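Common to both upcoming complexes is subunit A, partnered first by subunit B, then by subunit C.
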Partner chain A sequence: MKSQRGFTLMEVMASTMATAIVIAAASAFLLRFLAWYDELSAKIAMNRHARETYDVFSLGGLSSTSGNDGTKNVYGLRERFAVPTSSMRTNYSIRYISNNLTLTPDLIASMSVTCTGTGVPLPDCTSGAGTKTVKGWLGSHPQTNTASRSVSNKTVELTFTIMNPFEVQRAVSPSLFAENYHVIFTLNRNEDDP
Partner chain B sequence: MKRWWGNQRGGALIVVMMVGLVITIGFAGFITSGVLVEARAVEGSLARSRAYWAEMGNFNYILSRISKSKFCSSCILPNTNVKDVTLAVNLQVYFNELTNVKTWTYPDESSSYTITTTDTAAADSTAGRHTYSGWLMATSAYSSSSLVSGLNNHLPVMELRLCVGLANTNSQCGNLGNNNGGYTTAYFSINRLTNLPG
Partner chain C sequence: MRCSDRLRSQRGFSLMEVMTAALILSALVVSIGGGWVVADRETSNLIIRQKAIFVADAEMERLTTLYGTTAFGALGPVSTTGYTETAAFPSTRLIYPTSLSPLYLTGTQDYTTTSANTFKTGSDFQVWISSNLLSSLNRAYVWVDQDHNVVGRISWTTSNISANPCTGLDTCSCLDPTGLLAGNCQKLVLYLEYPYRLVSGNAVAASTLQTLTLSTIVGRHT
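After this line comes the complex of A and B, so read on.
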């Protein structure tokens, strides 16, 4: 037993200190990596929802009931004579109306979000504007321009904002999780919309 | 005289810890590099979506425009024997009508984040094409600001090949080597709208 001298107190303290430094560095990096993962996943999800939104506004969809013209078609902007007069968003989710039918795709469970400033946390928050009910990914009301950005009034420019409703609430910079999109659609219908 | 760490057998632990620290730093650098690559890929995906829909808007406008105006420019409908090269000029005129909506800015990203689309119409370049075959093509290109210029070669370029000037709705578009009359009508058939690999 006498040959087993073990470590001195200084050795143990030094090695403990070195271990602590390594663990602290690794932990800090792990936390940062988790934050990166969260951010990238959120942005990938936003890209996916943007594509879905483009599709709905462009092509419309199919309803389970019949509309004004006897079909179940919900006509997209390309198949319309004029842009919808009603808002294309309700509670931050898509609400697209055509042929007296309404599509409300891409819904999430309802959340209550409190505005704390202009654009914080939701893109269309105004300073101290109370609580919003959020059920979707549309950060602002889709805007249509049939004048200055239109060709002979037969095209419409559509602008919308996709946000990540989960990330904006906890991000230090919520604007990182909101992206704008533009597109032009040709209004191909020659007679009034049903 | 022996060095102090030479007397301390536990000094090996310090060396091990130092090695561990170096490995941790190296690993962190490796992962960070991967994250940056992934972040660029996500931003690239965002830019591609924006560019794709900008181009789709252009090409869909053109197809609608052909249906409406029938390629007739300073002529009385119906007109025949209009050469492909002339039809291509008229197609380019339709594209040029989009001048006001060919530049897309995203100031929320940066004042230097813009994507500009350019579309060029021409008679189909396939060898053997006849003068009145009706085969036209259109290609797209981008010029973008410095912020997205690195993606220029990766944005979804499109190519449209279509046969125009068909005599009626049921007409079959002839082969490239056949004359189909060079009609100025609203009828066309799309051979392909290709999203070329970026």
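After this line comes the complex of A and C, so read on.
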């Protein structure tokens, strides 16, 4: 009879407690690993968007309709005479205009994000700036400069900020998910842009 | 079954067994955690590398335009030596002079500086010429990531090339650097070594140096 007596309440409680501790620890690790996975994926996605943004600004693209010169070419900065006068960002997404054609290559579903401080959560947030509509990955307006450090008035400096619009909203430090990129292009076109 | 056998079969685990299992589990968790730390570092390095690629490309744009539209190719570049970090790359290379002469760029357009402080506090697009008593030991640095104090060292080499054979009616030729006479096109190889950190006015190699190289053909055309 002694050998079939089962477990005492204390034994069951102790084993339950031990199991709970193991599961809690494993869950904590799992959640931490998932968070790390999110962060790494977010940074890799930012890198990819930086390259895509660079490609659009430097090389342009192809539209489905014809522009001013009868072609479907959306000319990148390297194929232009002057930098665009219109903003190259709308609602945090790229809006690149050339040849009377517009490219908006990185649009995502619209999100409303409330600014809570300077640079929080969006890089261009200011204190009390209210709610922003976010549809892309451009953290600030791309800045061009041809007034200084320009070689033969042909080179243009371009600075743009890529942010991860999802991670900046939930990260403790949103600035970890925004990176500034600096590039220079030569304006190679010799006549006015179409 | 005898009573002693039953007791032996239900004796549970010894302290040594539990400790060994815990040790193995700990090693597993630590190695997985270490893997994540490495992955995180590599991802950060990837972002820095992407920025370095953009910067190398940017410098190539400026050099191509300088060589193509100004007399910079004649007397502009300064020959420097002592690049011995990577045996596969040349130890003698060209860099920017301490200032870009008005012959090439007007004063307001000069993007070089010899002041580490100006470089540190100024635009991301400046080139810092770290001067030495011997100009052949001067070095040129650019910002790869000013927000994270990552600097790259730039230099380049040129060699004359023959642009033949031509196709169609293209002249396939370059003028001499003054733009007045016939000359040679040149192959330009740009080197960007990073990461360096700007510490107390000096560029200090932060860890194992990475070298990016870009090649293009340059020559005076206007």
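Simple rule for what comes next: the second predicted complex is superposed on the first by the 187 of 194 C-alpha atoms of A that agree within 3 Å, B and C clash if a C-alpha of one lies under 4 Å from a C-alpha of the other, contacts with A are read in each partner's own complex, and residues count from 1 in each chain.
One rule holds for everything that comes next: a contact is a pair of C-beta atoms (placed from the backbone, for glycine too) under 8 Å apart; a residue touches a chain by one contact, two chains touch by 3 or more.
This is a predicted model, so every value here is computed, not measured.
**Q** Is the arrangement of subunit B and subunit C around the shared subunit A a clash or a fit after superposition?
**A** Aligned through their shared chain, the two binders clash on subunit A.
**Q** Of subunit B and subunit C, which one touches more residues of subunit A?
**A** Subunit A has more residues touched by B than by the other partner.
**Q** In the overlaid three-chain picture, which partner chain does A:I44 touch, first (subunit B) or second (subunit C), both, or neither?
**A** In the superposition, A:I44 contacts both subunit B and subunit C.
**Q** Under the stated touch criterion, which partner chain does A:F33 make contact with: subunit B (first), subunit C (second), both, or neither?
**A** After superposing on A, A:F33 lies in contact with both subunit B and subunit C.
**Q** Under the stated touch criterion, which partner chain does A:A14 make contact with: subunit B (first), subunit C (second), both, or neither?
**A** first
**Q** Give one of first, second, both or neither to describe whether A:V151 is in contact with subunit B, with subunit C, with both, or with none.
**A** So A:V151 meets both subunit B and subunit C here.
**Q** Once the structures are superposed on A, label A:T159 by its partner contacts, choosing first (subunit B), second (subunit C), both or neither.
**A** Second partner only, subunit C.
**Q** Output check: A:Y181 vs subunit B and subunit C. Expected answer is one of first, second, both, neither. What do you get?
**A** both
**Q** What is the contact status of A:Y54 with respect to subunit B (first) and subunit C (second): first, second, both, or neither?
**A** Both partners, subunit B and subunit C.
**Q** Which residues of subunit A are in contact with subunit B in one complex and with subunit C in the other?
**A** Overlap of subunit B and subunit C footprints on subunit A: residues 29, 33, 36, 39-40, 43-44, 46-47, 50-51, 54, 148-149, 151-152, 154-155, 157, 179-186.
**Q** Please output the residues of subunit C touching subunit A within their complex, sorted ascending.
**A** Listed in rising order, the residues are 3, 6, 29, 32, 36, 39-40, 43-44, 46-47, 50-51, 54-55, 57-59, 61-62, 64-66, 69-70, 105, 108-111, 123-126, 143, 145-147.
**Q** Under the definition above, what is the set of subunit A residues touching subunit C in their complex?
**A** For subunit A paired with subunit C, touching residues are 3, 29, 33, 36, 39-40, 43-44, 46-47, 50-51, 54, 145, 148-152, 154-155, 157, 159, 179-186.
**Q** Show me the residue ranges of subunit B that touch subunit A in the complex, using the header's touch definition.
**A** It comes out as residues 8-11, 13-14, 17-18, 20-21, 24-25, 28, 31, 35, 38-39, 42, 45-46, 49-50, 53-54, 56-58, 60-61, 64-65, 97-98, 100-101, 104, 106, 108-109.
**Q** For subunit A, which residues are in contact with subunit B within the complex?
**A** 5, 7-8, 10-12, 14-15, 18-19, 21-22, 25-26, 29, 33, 36, 39-40, 43-44, 46-47, 50-51, 54, 58, 78, 148-149, 151-152, 154-155, 157, 175, 178-186, 188
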